[in-house]
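You will see two complexes here that share chain A, one where it goes with chain B and one where it goes with chain C.
Up next, the complex of A and B:
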């Protein structure tokens, strides 16, 4: 039986197809990174060549670091993303616990109400969101972005975590109750540690769209002090359209943090995605 | 069974005491979600029925919609954006999702070597921001740099090269394919997950009946992953009909050349926020957002009532 599944010809074909697509997926990134380390002439003369002693140049990075305020943008993105994820996970898990653990009137309705946001994108409310942020003086603050992203992430978080929390053994929670734990301790001390894998999944699903979002930073917080990396590189690269060294260097600098994080966490990340969808 | 007993005794016990903790657990999420998402959405729908006259907000009924559909300038750009958006969606459905299913099928081959490496590599573009993806492809497709003519030359297709992003007849397809390149990781991973969840016994039973390889995919796996394909289709639909970032990065807010890549998201941005000579118009912005809301709602309803109900869910 095992033989039927792994004939050498078939597995050769499988690998060939996967390698081709892997090349398609990685090549553009690779091309950008290698060319960012070359001088202008070599970028055009030999775009596919690796930078060597003759063509190596950091002139692009010099102009980027001189002019762009990338550390600040990076810091803004980091604050917005991590604080939003924290609130999405905390509020989402709390609501999911209430929905999965207790029977009360309106339980199903609340669940449905919170799930609406999975399908209806928050962007459609932008007109009124901007109005509200102007009215409360939150325009051009990171708080505005954090609020929006928390609201945006909650529906999916509640949905996934509710499903997951239903699988937590009732015996355990009731044992806790008999031992005199309050409902809050049961949630924080017993249930939260058990749903950590699901929390990781939710964190991933929440993180990617927040880190990459251009719409809300562009509309709610376009000031220089609150630009995120995504908006910052958009504006910055836009100014340098003809300076190829600078553009390639800026792109590489924008990719690097994602690459590093991804290679550190890719296993957990993908395991999280697949296990989350299976459960 | 013991589970049910416990839950019941639970509620019985709790009914005597007021269960404030339920409210405490629920409130933060409900408040944030309602205040930042639901109320603005309702307010936007309401705003679409009003217009500014002499600095005052005046109820105009469906007047804004009449302007949008009736006035030639508005209706031309609206229908153009809607049509482009459908093409955008269609390309995702025809290219992105089949590639996603195919990659997932390849990844789920048992005892696949380097599986973790492939999964990591395939998912990488999805993590990059639209800005990075947009600019990278803009550079690669640029006739000034010449990377793509050079690559096409390697396979003898140099004559096919054209400044695809700059020509009205090819720009939309090119942008859609860039978006496909970026997003293909999502259907791949979701389908991969649902393929992993097919129990071994089912596949073994199929093998005992002599159904292997290709026909096993078509006859056993594909029917079992249909619900996931349904979910991916509706996710693609919702994502595509509120897409904005990639077009904005690659082609700018005007979604050129000549509006050929204009989709509803970019139209909403220009209308609401203004661009260059055009002044931002809150009421018309809200009107377009409302139309987008109705389109997405229709899609979601078709999915929920027509597609999902007919799909059989298999319990293992």
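Up next, the complex of A and C:
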């Protein structure tokens, strides 16, 4: 049995499939990164070639760092993304706990209502959101983006976390109640550590669309002080001339922070401390 | 300290009535066991006593004080769960100490109480381990330890042995019996295993469909069941329950005879039947007979040789038959 399962031919095919998929997935990223280190002529003449002594150039990075305030844009993106993730996880987990733990009238309906957002894209409400932001004076603030992204991320977070929290043993929560833990302590100290892998999943799913979003920064916070990286890179894309070196350099730089965040969360995905908790 | 009184407890989930008026009194230091088939409400009753569920109506008094509105942590109880329910991210020591820490007890006292409990349960070597590094039996001992350190007035056990394998179950059962003698605490224990109930209890409460069928010592339940349900539930193999009419008994709807209260003979007896199956258990031999009035189980002590299809005659022991009326209540002789 054990032998059949580890047959080299079989695992070879599996690895081959995975390697091909990885190559396909990473190829655009690879292209972006190598071309960001080439001069403009080489990008067009030999887009697939690696940068060599002749074609190597940091002109893209120079123009990115000179033109526009990219450090600020990065900072804005980081603030918006991390604060939104924080709120999505906090409120999502709290709502999920209430839905999974307590019996009350309208529980199922509330859950359905919260999950509706998965099916209806938030962009449909852009006009109303903009009107609201104008009325509250939040246009051109990071707060506006954080509010919108929190709302955008919550439905999926509530949906995933509710299912996960149902799997946390009732006995464990009851043991906590008998030991005198408040409902808040049970939530923060018993349940949250047990659903950490699910939280990491939600964090990753929430993070990527926020980091890459162009729509809401363009509409709600296009001022220079509140531009995000994605919006900031657009200055290099013109109607007639596009500064490819700068665009590619900006994109390459934009990969880094999100990569770091991803590694932080993915470590949580792997780590499992629940084994042996119950049963 | 440690008495419990329950007055007319009802509990409904929506339209489903799980507990339909339970009255019960538990004296200080008693070991009381709730038994019954699954869905009879025994676990719900335990949760209501613990305060994990609110009763729909009725009163719960612990030590003479009404505790209906007291949160679980303040009721002076401790509970051991079927799934152990240990905190996975805490060491054994912290698992046991959490309740006391929450109650604001001084560190020295917590340390002392953990030491006493871990000594009692031989957990000294495992205090710094996480639950995931323990075996099932050890985990359940930690869960029991967590209950002991609270020095509760009332211990509640919710099927604590169901997840353990057979050998460990016997050991842990003995351990719980020893603890009860040592601590002299009041214990309430829920199980569906009648062996646990018979071996541990001072008093057994048999529940069926949200009502108490009978309360009594194990031998009372065995020797004088008040209802058909108790007669059928207590005792293994199950009591033979035969329609009275088929035995020519006009006044009883059902007649019950325990398998161990029947003698067999090759030549003569009250009832004639053919052997359909024989189980050899060493200490017992269980014979299944097919008679004119239906199947009959007979339990003989020791080893006996009988063949399938062999014809046997069975005779019930005098004074050991139970007769039940059409409301399934016992007819007193």
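A few notes on this one:
Rule of thumb we're sticking to: the second predicted complex is superposed on the first by the 205 of 279 C-alpha atoms of A that agree within 3 Å, B and C clash if a C-alpha of one lies under 4 Å from a C-alpha of the other, contacts with A are read in each partner's own complex, and residues count from 1 in each chain.
Simple rule for what comes next: a residue touches a chain if its C-beta (ideal position, glycine included) is under 8 Å from a C-beta of that chain, and two chains touch if they have at least 3 such contacts.
Quick caveat, the model's predicted, so the values are computed rather than measured.
In the superposed model, A:246 lies in contact with neither chain B nor chain C.
After overlaying the two complexes on the shared chain, residue contacts for A:18 are found with chain B alone; chain C is out of touch.
In the superposition on chain A, contact is made by A:190 with chain C only, not with chain B. By the touch criterion defined above, A:121 lies against chain B but remains apart from chain C after alignment on the C-alpha atoms of chain A. Once chain A of one complex is fitted onto chain A of the other, the partner contacts of A:172 are limited to chain C, with no touch recorded for chain B.
In the superposition on chain A, A:181 makes contact with chain C only, not with chain B. Ranking chain B and chain C by residues of chain A touched puts B first. Of the two partner chains, chain B is the only one touched by A:104; chain C is not.
Comparing the two complexes, residues 171, 174, 273-278 of chain A contact chain B in one case and chain C in the other.
Looking at the complex, you find that chain C touches chain A at residues 47, 50-52, 71-74, 77-79, 81-89, 98-99, 102-103, 130-134, 136, 139, 146, 158, 163.
Chain contact summary for the complex, chain A toward chain B: residues 1, 4-6, 10-11, 14-15, 17-18, 21-22, 24-26, 28-29, 31-32, 43-44, 47-48, 87, 90-92, 94-95, 97-99, 102-104, 110, 113-114, 116-117, 119-129, 131-132, 147-148, 150-152, 154-155, 158, 170-171, 174, 182-184, 187, 208, 211-215, 219, 229-231, 233-234, 237, 244, 247-248, 251, 254-255, 258-259, 262-263, 266-267, 269-270, 273-278. Within the complex formed with chain A, the chain B residues making contact are 2-3, 6-7, 10-11, 14, 19, 21-22, 24-26, 28-30, 32-33, 35-44, 47, 99, 102-103, 106-107, 109-114, 116-132, 135-137, 139-140, 145-147, 150, 181, 184, 189-190, 192-194, 196-197, 204, 207, 212-213, 228, 234, 238, 242, 244-245, 248-249, 265, 268-269, 272-273, 282, 285-286, 289-290, 292-293, 296-297, 300.
On chain A, the positions that touch chain C within their shared complex are 169, 171-172, 174-181, 190, 193-194, 273-279.
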